[in-house]
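Each of the two complexes below includes subunit A, the first together with subunit B, the second together with subunit C.
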Partner chain A sequence: MSDRRIPRLLQTPAVVLLLIWMLVPLSMTLYFSFIRYVLNSLRRPEWTKPSIENWRGFGNYEFVLNSKDFLLAIQNSLLIVCSILFLTVILGVLIAVLINKAFPGQGIVRVLLISPFFVMPAVNAVLWINMILDPVLGLQGVAVEGINGLLDALRMTPVIGNFFGMWPELQPISFRATQTSAWAVIIMVTWQWTPFAVLIFMTSLQSEDQQQKEAAILDGASTWSQFRFLTLPHLGRPIAIVVMIQAIFHLSLYAEIEIVSRGNGNKNLPYLIGEFANNNIGAASATGIFAVILANIVAIFLLRMVGKTLME
Partner chain B sequence: MAIVAHTSKSSRFGRPVLAWIVGLLFFFPIFWLVLTSFKTDADAVKPEFLIWFTPTLENYLNMTDNYDYWRFAQNSVITSVLATVFTLAVGIPSAYAMAFNPTRATKDILMWMLSTKMLPAAAVLYPMTFLAKSLGLFDTHFLIVLVLSLINLPIVVWMLFTYFKEIPKDIIEAGKMDGVNTWGEIREILIPLAWGGIASTALLCFIFCWNEAYWTVRLTTIDAATLSKLIEGNRAPEGLFFGRLSAVSTAAIAPIVVLGWFCQKQLVQGLTFGAVK
Partner chain C sequence: MGRIVLENTTKSFGDVQVIPPLNLTIEDGEFAVFVGPSGCGKSTLLRMIAGLEDLTSGKIVIDDKDVTEVPPAQRGLAMVFQSYALYPHMTVRKNIGFPLRMEKMSQSEIDAKVDAAAKSLNLVDYLDRKPGQLSGGQRQRVAIGRAIVRDPSAFLFDEPLSNLDAALRVGMRLEISEMHQRMKTTMIYVTHDQVEAMTMADKIVVLQAGVIEQVGSPLDLYHKPRNIFVAGFIGSPKMNIFSGEEAAKFDAHSVGIRPEHLDVSTEGGIWKGTVGVAEHLGSDTFIHVHDTGLGDMFTVRISGDIAVTHGDTIYLTPHEGRMHRFDAQGMRIE
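The block that comes next holds the complex of A and B.
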């Protein structure tokens, strides 16, 4: 019957396109992950062409698992994603509750607050790492110098000078260093995505049952228990959605890491793959397969959790 | 009301003040970027000119000489517009079919589409580069449009689906009774009714295309390079070019941020796939 066929025909282009998009490159990755394949090799020129002759079995996977960067990259991926999720949800709930009630200029505050969400990631990273977090030339450097100058002046003053003499000189933090660059990434992405969480939580708060709340107030419920037993359960669903959507975006975080540190000790999985892909395609592909597996674990977990609420 | 009388003075004044502080804090980095863009490169790194300085437009006037800004901007506009149009052209019929003629597989297809979005792009980085180069498509508008369309298609179908679901089926059925064909239904009934939803979807798709920074950086060199590539290529000015870099960054984000101001509510809500109302 044409009645059934036309709708199916209509969704064919989207389904076919996505199927090709998913299957073709991914099967190539799978294939490359089982062969020896490098871009440049003077010693073994036969490895520079993808060929089944260069079959390596699980050799690439072994190589990747044994490289010290791999574990670090997984740790870093998880550290970055989890920290961002944790911070954006906490800050998002607090700020949404704060600005939910009408006050003078609420509309303007909303516009100010949402702006970071629309900044392109490349600009976000360049702006934070240079103009703000740079230990010498950025605002951080200027602020640290200013505070140190003030402390010096206070040390000179009689009487209280002794007290301030015990204070240490402040040291600016270099956010391009190995140990700190992940935090720079977390700060800038949290800045960008907290507004998203705030707006979603605010939308949800507006549908909160006001009568229930008034009844709670009349019963003498404290602000805290109102929040704990009424507001927070009401926000359960939007929190799950914020977590899911952000996980989708942050597992493939790349520009920020590239710009902050060029992966200097702060590699996540996408960055590590990019690095391998400069020469060792076999290893890059094996890492890619690991990244797919990790993403799938997260995806199954999240879609189980949120999928049902999306479908109602 | 008694309840209002109970609210203490501190919360009546404290809350708005705190809210304003939070809003200004979040906006501050953008403000700082714009402010720095009006300083000369030399002034931009001198603490004595932190706030009081002689504003100059030279960074904006020299944007073409310094960075060839307009060429990258043109590429961003071309690729984002074309990708948005293409994604909608594929997405609207598909979402229409799913919303009004759902089959048993519809839910699974939708979930599968969303799951393709979770596939890490990096996993297929080399195959994509390889395919692009062997097909002679590397660094072309065509390739970037195609890739941008494909990565946004799942979200676009989802958003459209949730908007279309709100339309009563009867209206579409009535059209069928009148003997309108499928194409007519989409054009005459669906698009006018769901106009707001389609517009928000298009805007969000456009914003994601404009801001995309993985494929646009990895699959271009010069010809199809977008603003993301331009900024990424100038990531480490080492304090020498803070002024001019701020200006070009401001110019890169301004269209999207301003666009975002006007439709923030629809955009963010759309991104939750109608699950938060």
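The block that comes next holds the complex of A and C.
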């Protein structure tokens, strides 16, 4: 055997395993998406077994496209992913820059900052929706009640009471409602994933060249200019990494959506797949293929955008 | 204009005083070189002048104006760093134009100045490249270009050539000297390389542990070192210094003699020794001589070639009037 064949041979098991790992589920999904395949049907028992004889062509895709939840799910997926990315990147950069300078208690602050990342997604969702965002029992309810009580007291006082009399009573927001449940998900996932962004940006900031900063100071650059022209371009690549990894993770959010509103008015693509998969595997597979396409579009689009704006 | 005066400046990091009270004047248009072994505080001193380090006490005066509390950018100084400190995400054009952009100068003015600087530094073909695509010498030039466009009252160089290879270093040394002749701007240059100091400087400041050991022209330092430290630091190969009984014959605590001021003979002379390694450079030969009875190994420099091999016996005779004599405190005796 030649020198080159031995390493290739040794690599083969890993490559083959990876190929199987990726290709088998993908081709099974593709196959199921083109046939009629349901888990349970009394009327058409032949559809409960996957078989090429139940070929449906693009029928499943048509069915998914025409289902009332599909557009909403796409919109919601994009809204949730993009909002989380936007918020985590901005908060991440700000916090990372803030804690990059040495201060007493730095170690403890850093550990505390990272800790939300270690909370399980389901626990995170339960915690937020019941203990923080709940309009009656959560922190939100308590805070709104407190402020309203204070306003009431102020209205009773002479002279300034007239002024506060013009203020409206605050209404707590119900985050389980159709219009707001997506925002509940965005808030809790942002809270959980900001530490991830902070962690990555912080390590990157520590590798920033200090002499470049000194040169910029001598060149008359203000603190803002140093941030804009040196730090932000330096963070370009880590931002791209954070955006890419988070886009992949958040396109498949499920636990938070299930816990906040059981998908009520707030489905995303994975949730829709889950609903279809209760019985209609063909439709679920077709939705899965749509999700793959969406994920690729989002990834390409976001990476281009980040690359263009930051690399001067 | 660019007359820089340091008055009783000191610098401490915590309890450690790295620069004891120090006074120094650098005249307008002068090329001053700070030289000393690593850790002697020469870079700290330069950074204090630039404003990157605060003074612990004392003051810095530039052109009769006290700038001790003035922020770095407003001191009118430009600095070239050892690592070049170019902005990696900007093209060469933007790098050179950056200080002007920070001054809010108009784009046409910036372009004109950048083009002029690029022309004088042979960088015209590289203006649209990023620093990562340039060689070490070209990066160095960009860093100098970024300093030139600001039209500073003085240039500060922090070991600018130590990251270049030997051949390029000689070339850049000449270019910087040439630039100084042309611009007549004050320059302060920090280096640990005494060859750079000797070849470029109008005035050399020799530092050790934050203390100025001697200030003077290169030849002053060579011919009349004020103390043993300067004698040993300036000149290559190092001056041979011996003390004890043999030194007492010359009415001194210790005596120094430069390698080029020794005559060599195989027949007879004042000191006798054994030849160690001989380094043949073609134009010169350095011979290391052992067992002279004068303490350390002696180095001798002779022009051309000589036929001696390892282990030969050799005699050394110092040139008349070329001996440097020092007292017990290490100070020069005239």
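Rule of thumb we're sticking to: the second predicted complex is superposed on the first by the 279 of 312 C-alpha atoms of A that agree within 3 Å, B and C clash if a C-alpha of one lies under 4 Å from a C-alpha of the other, contacts with A are read in each partner's own complex, and residues count from 1 in each chain.
Operating definition for what follows: contacts are C-beta pairs under 8 Å (C-beta built on N, C-alpha and C of every residue); 3 or more make two chains touch, one makes a residue touch a chain.
These figures come from a predicted structure and were not determined experimentally.
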First, second, both or neither for A:Gly92, with subunit B first and subunit C second: neither
Contacts of A:Glu214 with subunit B and subunit C, given as first, second, both or neither: both
Contacts of A:His234 with subunit B and subunit C, given as first, second, both or neither: second
Touching partner for A:Leu139 - first (subunit B), second (subunit C), both, neither: first
Partner chain in contact with A:Leu17 - subunit B first, subunit C second, else both or neither: first
Greater subunit A contact set [subunit C / subunit B]: B
Subunit B versus subunit C as contact partner of A:Ser225, first or second or both or neither: second
Set of subunit A residues, in rising order, touched by both subunit B and subunit C: 214, 217, 311
Subunit A contact footprint on subunit B (complex, rising order): 3, 6, 15-16, 18-20, 22-24, 26-27, 29-30, 32-33, 36, 45, 47, 50, 90-91, 93-94, 96-98, 100-101, 103, 107, 109-111, 113-131, 149-150, 153-154, 157, 182, 207, 210-211, 213-214, 217-218, 227-228, 231-232, 234-237, 239, 242, 245-246, 249, 252-253, 256-257, 259-261, 264-265, 268-269, 271-273, 275-277
Footprint of subunit A on subunit C - complex, ascending: 50-52, 72-74, 77-79, 81-83, 85-90, 94, 98-99, 102-103, 146, 150
Contact set on subunit A toward subunit C in their complex: 209, 211-212, 214-222, 225, 229-230, 233-234, 236, 311-312
Touch list for subunit A against partner subunit B, complex: 3-4, 6-8, 10-11, 13-15, 17-18, 21-22, 24-26, 28-29, 32, 95, 98-99, 101, 103-106, 108-123, 125-132, 134, 136-137, 139, 142, 145-146, 191, 194-196, 199-200, 203-204, 207, 214, 217, 237-238, 241, 245, 247-248, 251-252, 254-255, 258-259, 269-271, 273-274, 277, 281, 284-285, 288-289, 291-292, 294-296, 298-299, 303, 307, 309-311
